[in-house]
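Each of the next two complexes has chain A plus one other chain: chain B in the first, chain C in the second.
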Partner chain A sequence: MQKYWYDNENRIAVSSRIRLARNLDKTAFPNKLNKEDTAAICKKTGDVLTAREYSFGKLHYIDMDEFSQNVPSLFERHIISPEFANNYHGKGLLLSDDESISIMLCEEDHIRIQSISPGDDLQSAYKKAKEVDDVLCNNIRVAFSDELGFLTACPSNLGTGLRASVMLHLPLSESQGRIPALSAELSKIGLTIRGTYGEGSKGFGSFYQVSNQITLGITEENAIKNLNGIVKQIIISEENLRKEAYKPVLEDKIFRALGTLKYARRVNSAEMIKLLSLIKLGTDMGIIKNKSKNSIYSLIINTQPNTLMLNAKNNYTPGERDILRGDILREKLKEVE
Partner chain B sequence: MLCEKCGKYPATTHYKQVINGQESEMHLCSRCAGEEGVYGFEMPDLFSAVFGTPIAENVKICPTCKTSFDEIIKSGRVGCGDCYKYFEKELMQSIFGMHGHTKHIGATPKITEDIKKTDNAENNQDNAKITNLKKDLEKAIKEERYEDAAKIRDKIRDVETQE
Partner chain C sequence: MQKYWYDNENRIAVSSRIRLARNLDKTAFPNKLNKEDTAAICKKTGDVLTAREYSFGKLHYIDMDEFSQNVPSLFERHIISPEFANNYHGKGLLLSDDESISIMLCEEDHIRIQSISPGDDLQSAYKKAKEVDDVLCNNIRVAFSDELGFLTACPSNLGTGLRASVMLHLPLSESQGRIPALSAELSKIGLTIRGTYGEGSKGFGSFYQVSNQITLGITEENAIKNLNGIVKQIIISEENLRKEAYKPVLEDKIFRALGTLKYARRVNSAEMIKLLSLIKLGTDMGIIKNKSKNSIYSLIINTQPNTLMLNAKNNYTPGERDILRGDILREKLKEVE
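And now, the complex of A and B:
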């Protein structure tokens, strides 16, 4: 039974994401709005978008103030942005049952449609986002000009307002020092790469996000096609490095990671991501077998500090969390050998 | 490792920031990380450099959302869609700098019958508002309440520019 996008193990390309930025016509952008106007816009767009059934089911309106306890976990699960997590009062979120579509209302723009698909599949993510976008644009006049396209709070999103990104697991590319060169190459063609966990050039756990930067003067289809082409190349290069790797050293690292998490009593998040990344590499390469129903990536999502506490329905100190995380990982990794 | 800020609790939040190749790292406990903003530090005004530096003459204000060009420079964000029209000259160069293009070639939203209907309804509402305000204005002038008259005139202008 698959409910969420991370329930299945996806090798190298973990997930594909599309984000569309939209604004209402003749209306000040969210940073210029007072409480009443913000509430009115959330209601207006919420009413239009929740009124129908989509191919992925219905969208549910969430009043962020009533949902405040879940906010940090929503951020950890990539459902909301860090900006929205820090400034959610008086705002709304639309969410599909499988959490693959989330729409932040009055974040930086009035409407931010986010669609996520498992694996390397920007097309299906775009199809779902477009479905919602069509309903929006057919019912509400959005800020648009023939010259600059969809008008957004930040000029870097003008044009299509579309940001496409693919999350890639690149442990070998990283350990061989390939990321800085890749980053330089990507920036030349209007793409960017950044770490998924932790900021800066080197991410925790070798998870990276590759995305387009340019949104004006390029069609949606071409932006996605360009990114797709590059992502395929990065995947092939990571696959080749995996094939060429000196197995005894790699296997040793992977089994040490598994051994640690199978017996450790206290595990902090940074260590969890680092070791689960190695275990994921091991299962993806067939070095170890995951006989359980959980994907390794779902363990990373579910043992993040706030998601961990939300699932346990309790608040813990960081120290207590590390003990709980250790317990959960020992249990979940029993069937990984 | 102990928190760099308070030195009391173990550092559980680790940040690395790279700006123009300059790396800076911070290791904080969850409490201090919360004080610094739970998920990240404020980024400096990256866009100021792109848009130019604020100067005293930048007193132009967008009639729709009342955002000044100075504010746009500081925040890197415009106040509304009309800012792009009003500050076109000032913004175009940086837009070209970001995208290498100045003309949209992607999808265009359709203007459906439903949208036309709501547009008409809103226009009618605005027209009714203006008629009422004009009546108030005449009355105020008749009664020599000039301060009120000026205020009403501004209100009429606001409604008209919103169209």
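And now, the complex of A and C:
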């Protein structure tokens, strides 16, 4: 069976992501293009990038209009951006078999290379993205200025066009109220932290994305190095809070989450994320044991509303989904004790 | 092992209770008595009532001062009243081995015979109480007026001196908001309903006591018959609500309660009653199966704070109790699935 980045359990740092924004030289940005030009650019870049084998396998061209019923799930699996999910008509997506490389064509920029690696491993994600970027730049004239670097639709991406981010599971940092101060500190050094699930600074399930903001006047390597250093500090601080935590209360919360999902008949998404986050904390801290072959984070991915329906090959009302989600979680958590 | 009234699972009607208030003739009521007179009355009635064998076995005399550390648990097990628990010095209690008959001496009245039977069975409770009452009235001159009946310290008990009550488990009637209307109706016909646990009309765990209020101008038999008829109606109405209930939502609540208590590490009394009430509803409705030899209601009795400590032969802080309660419930609920 195909393994995905979320199939291994990764403690605190769930995944590392690199995004490179690139544009064709002397070509209007996507929001100014008509249907024909959009199709032409998708075809041209698609042809170049699917023509060869990479270290991670081949890239496959997906015509988004033919794939439209999978769009919400692609978003839930972090393969496409919310903007692309809302505006994909006439556009293309390039995807590797393991879903670790995805390239949105004619999103905000002509080409958005996205690479994801499990755990705290921006280097490997960057390496894969660079592999694609090199093929792209060697075969297509890309918009680049010696003074500014890569030219992008939005000035916030000018320069490296690189956004690096690490998804961190920070339940203790969150429950101790550390996130607002961390957020303020990070913004001073050109980084941001935001919840992975839900709106605002407080994320459902204590999953947070820490990313770089600065793309101008910095090399890609330095941007990644800076983020890496800070991420390591945040991880150490979360580890220390876990060591210092008053175990009995924490264990009670974790076991209650497990008992609830082992028995509940209807579970909505928000509760699923909240309780699986506690169960992940429990397995990561050795309080409970996951003897199954599924990582806890893969349960979060696979029981999101649209991915759930895609896996079940059926459409459901929210109420029916909650029942199905309850069934799946009870079954999958049998070997977690 | 000794079996108690709560060792069998009783659907909806948990227990039936009879209380008879009696006083010695030409003797001041207990609140006017000095220490010596109180002791003398306790001894006199104690000697008479412990001297013989009843259908339910013997009655044992308990000097409350020697038994003081058991007092809070006696109250939790419905053996003594809250008033007696707060003011027991120099007084006596008569108790049968199965705890189904208890007689408080010098509570509000000189003699308060209390009889309890499992389930919806006021007749058997009354029969046992009458057995004691007959011995009492045949051996001791009891305060009685041909016009009024039995004389009691409080006029509300004058006449029969009888209070009959049935403890009912009414989770559906409660969740459908039926209790306030029921309460209003009952008060019109001289009955009351109140929560067994907690204050006010809304009881923790949906356990309610329905009792008669009228003691004057009515025979004991008629008072019991009236209550019996009404109780049967309330039971039918609860049964119907259970049949009509939307099962999926109810099942989810019941299984969540079970999952929580099977896994939680710390459980306070209020939560214990609330969740065991749902589990009892689940076993009574056949949604879950209790394969253990413990009734669910016996778990409520045995994990009350003071009964818990009495069983464990130790004193604990509330926090320690919550841990011990969690341990016991996890263990006892292993065979509930």
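The criterion applied here is as follows: the second predicted complex is superposed on the first by the 335 of 337 C-alpha atoms of A that agree within 3 Å, B and C clash if a C-alpha of one lies under 4 Å from a C-alpha of the other, contacts with A are read in each partner's own complex, and residues count from 1 in each chain.
What we mean here is this: contacts are C-beta pairs under 8 Å (C-beta built on N, C-alpha and C of every residue); 3 or more make two chains touch, one makes a residue touch a chain.
Everything numeric here is computed off the predicted structure, so don't read it as measured data.
In the superposition on chain A, contact is made by A:252 with chain C only, not with chain B. Once the two complexes are overlaid on the shared chain, A:263 sits against chain C while remaining clear of chain B. Of the two partner chains, neither chain B nor chain C is touched by A:55.
By the touch criterion stated above, A:220 is placed in contact with chain B alone, chain C being left untouched.
Of the two partners chain B and chain C, it is B that touches the larger number of chain A residues. If you check the complex, the residues on chain A that touch chain B are 23, 25-29, 31-32, 72, 75, 82, 85-86, 108, 137-151, 153-156, 158-160, 162, 190, 198-202, 214-220, 268-270, 318-319.
Across the interface of their complex, chain A is touched by residues 248-249, 251-252, 255-256, 258-266, 323, 326 of chain C.
Put simply, chain B touches chain A in their complex at residues 10, 12, 14-18, 23, 29-30, 37-40, 47, 64-67, 75-82, 84-85, 91, 94-95, 98-112, 114-115, 118-119, 162.
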